[in-house]
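As structure tokens, the structure follows; a few thoughts come after it.
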Amino acid sequence: EDSVTIGVHASFSGAGAAFAEGMLAATDFAAEDVNKDGGLEVAGKRYKILIKQYDDRYRAADAVTAMDRLMIQDGIHFVVGPMGSAAAVATKDQTTSGKVITMTLAFTPRALGADAPFAYRPVITTGEFSDPQVAWLAKNTAAKQVVSLLPNDETGQQIGVANFNSYAKAGAKLQVEYFERERVDFVPILTRILMKADGLELGGNSPTTAGLILKQARELGYRGPVFVTGGDVAAEMLKVAGKDAAEGTYVHLPIDTSLPDTAAYVTRFKAKYGQNMNGFSPFFYAGLQMLFTAMKKAATVDDTTKIATTLDGLSDVPTAMGKAGWTGQQKYGIKHQIDLPFYVGQIKDGVVTKVATCDVNACR
Amino acid sequence: MNPSTTKPMSYVAVAVAVFLAVLLPWFAPNQFYIHLATVGCINLMLVLGLAIIARAGQLSMGHGGFALVGGYVSALLSMKGWPPLLTLFIAGLTAAVIAAALGWIILRLRGVYFVLVAFAFSQIVVLLALDMSSITGGANGLVGVPPISIFGCVLRAKPQFYPFALACALTTLLLTWLLYRSPLGTMMAATAENQRLTESSGIDTHRVQVIAFTIGSGIAGFAGALSTHYLRFISPDSYTFWESVSYLTMLVVGGRDGVLGPVVGVLVLTPLPELLRSTEGLQHIIYGTMLVLCLMFVPNGLASLVQTWRSRQRVARTSAAVVAEEVT
Amino acid sequence: MLEVESLKRSFGGLVAVRNVSFKVSEGDFLGLIGPNGAGKTTLFNVISGVLRPSAGTVRFLDRDISGQPANQTVRQGLSRTFQAATVYPEATVIENVARGTLGTSLTGLWSGFLSRKWRVAAEEKAYHVLDLFGLRRRADLKARELSYGEQRRLGVAIALASEPKLLMLDEPVAGLNPEEAAELASVLRRVKSERGVTMVMVEHHMRTVMGLCNRVVVLDHGTLIADGTPADVVSNPLVIEAYLGKEAVDA
Amino acid sequence: MLEVRGISVAYGALSAVRNLSMTVANGAIVSLIGSNGAGKTTTMKAIIGLKAVSSGEIYLDGERVDGVPAPQRVGRGIALSPEGRRVFPQMSVLDNLLVGAYSQRDATQQKKTLDQIYGYFPRLVERRTQMAGSLSGGEQQMVAIGRALMARPRLLLLDEPSLGLAPIIVDEIARIIVEINRDIGMSIILVEQNAKLALNLCNEAFVLEAGAVALSGKGKDLLASDYVRRAYLGI
Amino acid sequence: MDIILAQTVVNGLMVGMIYVLMAIGFTMVFGIMRIVNFAHGEFYMVGAFLFAILYGSNGMPFAVSVLLAIGATALLGLLMERIVFRRFRGNELNGMIASVGVALILQNSALLLWGSSARTVPPVLSGVLSVGGIVFPWSRLVVIIGAIVAVVLLNLLIGHTRIGRAMRAVAQDAEIAQVQGIRVDVIFPAAFVLGVSLAAFAGVLMAPVLSVSPFIGLAPTLKAFVIVVIGGLGSVPGAVVGGLLIGLIESFAGTFVSASLSEILQFLVVIGVVLLRPQGLLGRKEREA
């Protein structure tokens, strides 16, 4: 029986495990869908989809080793991952010269580029959603002096810079404060920075951290607006911060659960894993849907150059998240960034309600 | 004064091992094995560095910090156009100088205290790498570190890089072996075992320890740089607490005495994660269990099995001699 | 050779050595006695550089060595042994002694990197010392496998291996039976005559002190209370009262 | 009180005690003498249970104890003042002594014994709160003996108690040994290098050589024996 | 500004007390077993998790949940002591590395068992106590009171009881402790379990304040390291002083300069302490000869 193996390259241990599991789940679901119908039909043949996952332990050297193993040892051409920015950057040469199609979660702008014609990003990053959301928020809340707390790591630093620029464009000033990753007590920093702020930006933090900061800020008596322009934080954050503290907070909503396909995915995840879904998971599912479409269209499962060219040309592909295509030519020099709508929500009475729908250009 | 007197047999074994290592690119089924071997060579250097420090009676949990320093120094200089072959050595030297200064202060600490402070140092290095983003690229690290080139030959691909890494590792191994046999090595061992007594034999034990720390950390700096030019990338996450722990693990699992221990530790523990890489969370449980079992049942490291056998022979010999003496 | 002048050392409020002065001339075998806790070991520690003096000076071979690190003092020719058995437990007996030779016999830390001559030389020296102490047949045992008494002898052997001009012994015969004590005493006597080593010894074993020393100083509560020939000192009523007791005089 | 029947003890391949037998009558003082490495300390360790015997039996009050762990043997009335002092260096003198009374929980009795020990060694009163590790060698020896006495044992094992003590204190120790033996009938095994002292004090003595009993008899008799005089008294 | 200053001090002391609670268990296990327990934080994590499950998810009564969580963690500690740690007593280096192995095992077992996503526990008390403009969140006051009680009790136990003396004696010379009649085979596990229970207690206290996931163990362990080096390894009062000092540094650096500076400051404090008092602020030095 013929088969195609998809590699999953992510950090299954350590604090990023939830993301990795989301990526694996997406691959699992995508494979299940196809295999259920007897395999992926390409050029008259049916290919069963197999999965091979490797842990990179969130280290660059391990990432290279794991990627080598996927490519050389296992002869894999399609990889879901790498997950972290360091891993994405460190394996870029490898995957490019090996012509391996990758679908990364890395937020770094350097994960994509003309020098990496096989690297795709099926998730929406700060680079995409920051500008339109911030513009909308600044207009709707009239915040002028916003402060932001971010972890001092690659994601934090990246988001800090992106948000700073977006706020500047929207006519507001953002002051970014970084803290060590392990920190759980924010009272000292908040005491200082909240003194003259009229807005608190928490985008880029993990849901729990965002919740903690929010709770501690409210305890210190902060009453101004709070934005979380990034991630899929609402549910967790609500739990950590409590209903009262979270009231009125604006959050980024990556998915719209009123779409039936999306809702189905959420249910499927919960049923299989018994955990709440990681917000990024369905994007990889959508990305794989696009990849499989491209394989069928290109009528090959080996010639990655041909598949990539075909994939580049896809637009309006129906996925679980709505119709998807590629964007990013302007920003990254290559059209490998997924193009999907995203949303702004607000927490009211412990429930998140959608208040705006956005694309790369604007929110409405 | 090492009890392990080298016999012709061991020389033959060493020659065979080196020969096999050199031939690896020819019989490896694919390049992945060469990659593993290269990582093994780099690990060996790091573990040998740690072993030298341990020889003088201290354990460094900040070893990764020095590798990180070395990696950044070499990356930054070579990106400015300096030849990587030179910056490797500058990296080692820089790490050594920092180690000498730090060691001079903190080596008055004993045992666990030293471990903890060295560890704190490595945390600071990571923090500085994160904070000084204008120089170090912050959390994103430095991409596009130039490859090493020797006489116009650019070591970009694995089969080209491996011989160089192997040469570096073997040289380190040889120097370490010579060091252990030298008076300085003996002084280190003596210091480790009874510092007060060594001091009263006229040996400046503080200096001996600082030298050991400097050499060991210098090697770490060099190895960190080597790895950076191999991966062509470095970030603050490249050498964290867990890296320092894993070198320590290799040293302990292999054995702390002599140069055989580090070699065994690296040979066992470099490929081990590969066996477990696709088992998700289970791999760390298995790894942890193996580590604990190893410590429980071969507490002096796998290499000590050889030594135990040797010393059993020694006791047998001595008691025979004593009996003979008493009989006559 | 060694001049101690108004030496003082205190620990917090406790003055362990107060205002002690004495001299050791070349060729002397000086006994240092005194009740427990009188400050003898502390005095040794200060002279050998393990502790810094609170006040006063120590001169050795006309050089001021007060407060100088111990290892340097050893290289200038002053070695000492410890009151508790102090050896390298995991090393063999011969290695123990050979390590003792390193500090003083090498020209620099880096010598002997390639050649093995230094080791042969060190072991040769070590075997000589072991012969003196009757430990040669134990040479290949690990030090921790020796009995306590043997370990103590080994401790003296290690100190002697550094070829000192002045050797300070802290209770060398404690833990040895009278016969062994006599044996060690004769070893020390031989070392002294063959190698011309000047010695200072703290010892509670009065027979050894009387047999070996040409001069004795007595410390009590950190103060020097007597200094003279052994015979003078043991008949000094102060010493009898503080230290010897009535019965022990004939021990 | 104590009967040791043909015990052998080894450290790995090295046998330290071979087929050694001895008895200690109730209220007796027994001395063990012998050169370095003869196996005296090893014998003491075997009696208290710090070292397992490889063959032979040990009986305490007629009950076999050689399989019983050390703490339980202490509970049955043995105490040891170990060779090389082994005080708890980071504990005060007082705490060291109180630890000695661990198996003796009666508070008033404890207080009484403590006062008695302070009476024996006035030096320890001055040093009561000092860390034992910073005491002089002789002071530590006093702590070690005092600590063993705190348990109010019926059988006291003293391993070289005079080691490092000033002659005047050695006399004192000898007096104490006699006194506790006489007053409370404590049995004592005394290991000593100071053979003259040991033989003078004891009822019975054993001379150990290379791990075995070479000679035994009344202390006074051994004191007079030519062999002992030559080998252990240096006369 | 005065209010801010006062609030900063209060914040520092509050956080410091939490650190203290972590550090005393850690320092105690080291002091008695001579094991640097890298897995200490994992017991904190397990305690927090169990509490989150019992109290948060299953809605058991508060007191019952606390006791069960601590009890079960203590049992786990006992198991670990019996299987692993007992063999490494006194072997500082191997014990430390073995504890890393145990940490790996515990953390990843939790990951497999309870999943990677974070859990939250409803606060036991909410709201703030406000005194003259200075705010004390009730949730934190609970932690502080709990910590103080634990510290005082522990200090009494170790310093002034028969058991405490036995623990110290065993720590310094296990062989000789045996001949005082002390059952070393009981004391060691008891000490370890006590240390682990303190960590679990910290976990239980912190679970409602923070959130619970398999990865929360490492950070407090690392903090405990720094604290005990400053305070003196094995010294409980040292851990208190060190913990409060670190809390204050964090609070002041965070409030008046920047968060990342506080780590560097902490390191400088460590170096400074090491230079002036290598044995730690309240650690004890052994006699030289």
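So that you can tell them apart, the chains are marked A, B, C, D and E in the order they are listed, and the count of residues begins at 1 in each.
The definition used in the following text is that a contact is a pair of C-beta atoms (placed from the backbone, for glycine too) under 8 Å apart; a residue touches a chain by one contact, two chains touch by 3 or more.
Fair warning: this is a prediction, and the values are worked out from it, not measured in the lab.
S.K.: Kindly list the shared contact partners of subunit C and subunit E, in label order.
M.R.: B, D
S.K.: Among the chains here, which has the CA centroid at the largest distance from subunit E's centroid?
M.R.: Here the answer is chain C, farthest from subunit E.
S.K.: Which chain lies the greatest distance away from subunit D when centres are computed from Cα atoms alone?
M.R.: Of all chains, A has its centre farthest from that of subunit D.
S.K.: Just curious, how far off is subunit E from subunit D if you go by their C-alpha centres, in Å?
M.R.: Inter-chain centre distance comes to 42 Å.
S.K.: Subunit A to subunit E: how many Å between their CA centres?
M.R.: Centre separation, subunit A to subunit E: 36 Å.
S.K.: In angstrom, rounded to a whole number, how far apart do the mean CA points of subunit B and subunit D lie?
M.R.: Between these chains, centre-to-centre, one finds 49 Å.
S.K.: So the centre of each chain is just the mean of its C-alpha atoms; given that, what is the distance between subunit A and subunit B in Å?
M.R.: A distance of 38 Å separates the two centres.
S.K.: Could you say which residues in subunit E touch two or more other chains, in rising order?
M.R.: 108, 111, 218, 222, 260, 263, 288-289
S.K.: When you check subunit B against every other chain, which residues touch at least two of them?
M.R.: Within subunit B, residues 127, 130-131, 196, 281, 284 contact more than one other chain.
S.K.: Got the subunit A residues that touch at least 2 other chains?
M.R.: If we look for residues of subunit A contacting two or more partner chains, we find 13, 17, 152, 180.
S.K.: Show me the residue ranges of subunit D that touch subunit C in the complex, using the header's touch definition.
M.R.: 11, 14, 33-38, 41, 83-84, 123, 127, 134-139, 141-142, 160, 163-171, 193-196, 231-234
S.K.: Under the definition above, what is the set of subunit B residues touching subunit E in their complex?
M.R.: Per the stated touch rule, the residues are 59, 105-106, 108-113, 115-117, 119-121, 123-124, 127-128, 130-131, 196, 241, 245, 248-249, 252, 281-282, 284-285, 287-292, 295-296, 299.
S.K.: Once bound in the complex, which stretches of subunit B touch subunit A?
M.R.: 30-32, 35-36, 39, 127, 130-131, 133, 138-141, 143, 227, 231-235, 237-238, 240, 242-243, 273-274, 277-278, 280-281, 283-284
S.K.: For a test of understanding, state which residues of subunit E touch subunit B in their complex under the given definition.
M.R.: Result: residues 30, 36, 84, 87-88, 91-94, 96-98, 100-105, 107-109, 111-112, 218, 222, 225-226, 228-229, 233, 260, 263-264, 266-267, 270-271, 274-275, 278, 280, 288-289 of subunit E touch subunit B.
S.K.: Can you list the residues on subunit A that touch subunit B in the complex?
M.R.: 12-13, 17, 52-55, 57-62, 64-66, 68-69, 72-73, 84-86, 89-90, 92-93, 108, 110, 152-158, 180
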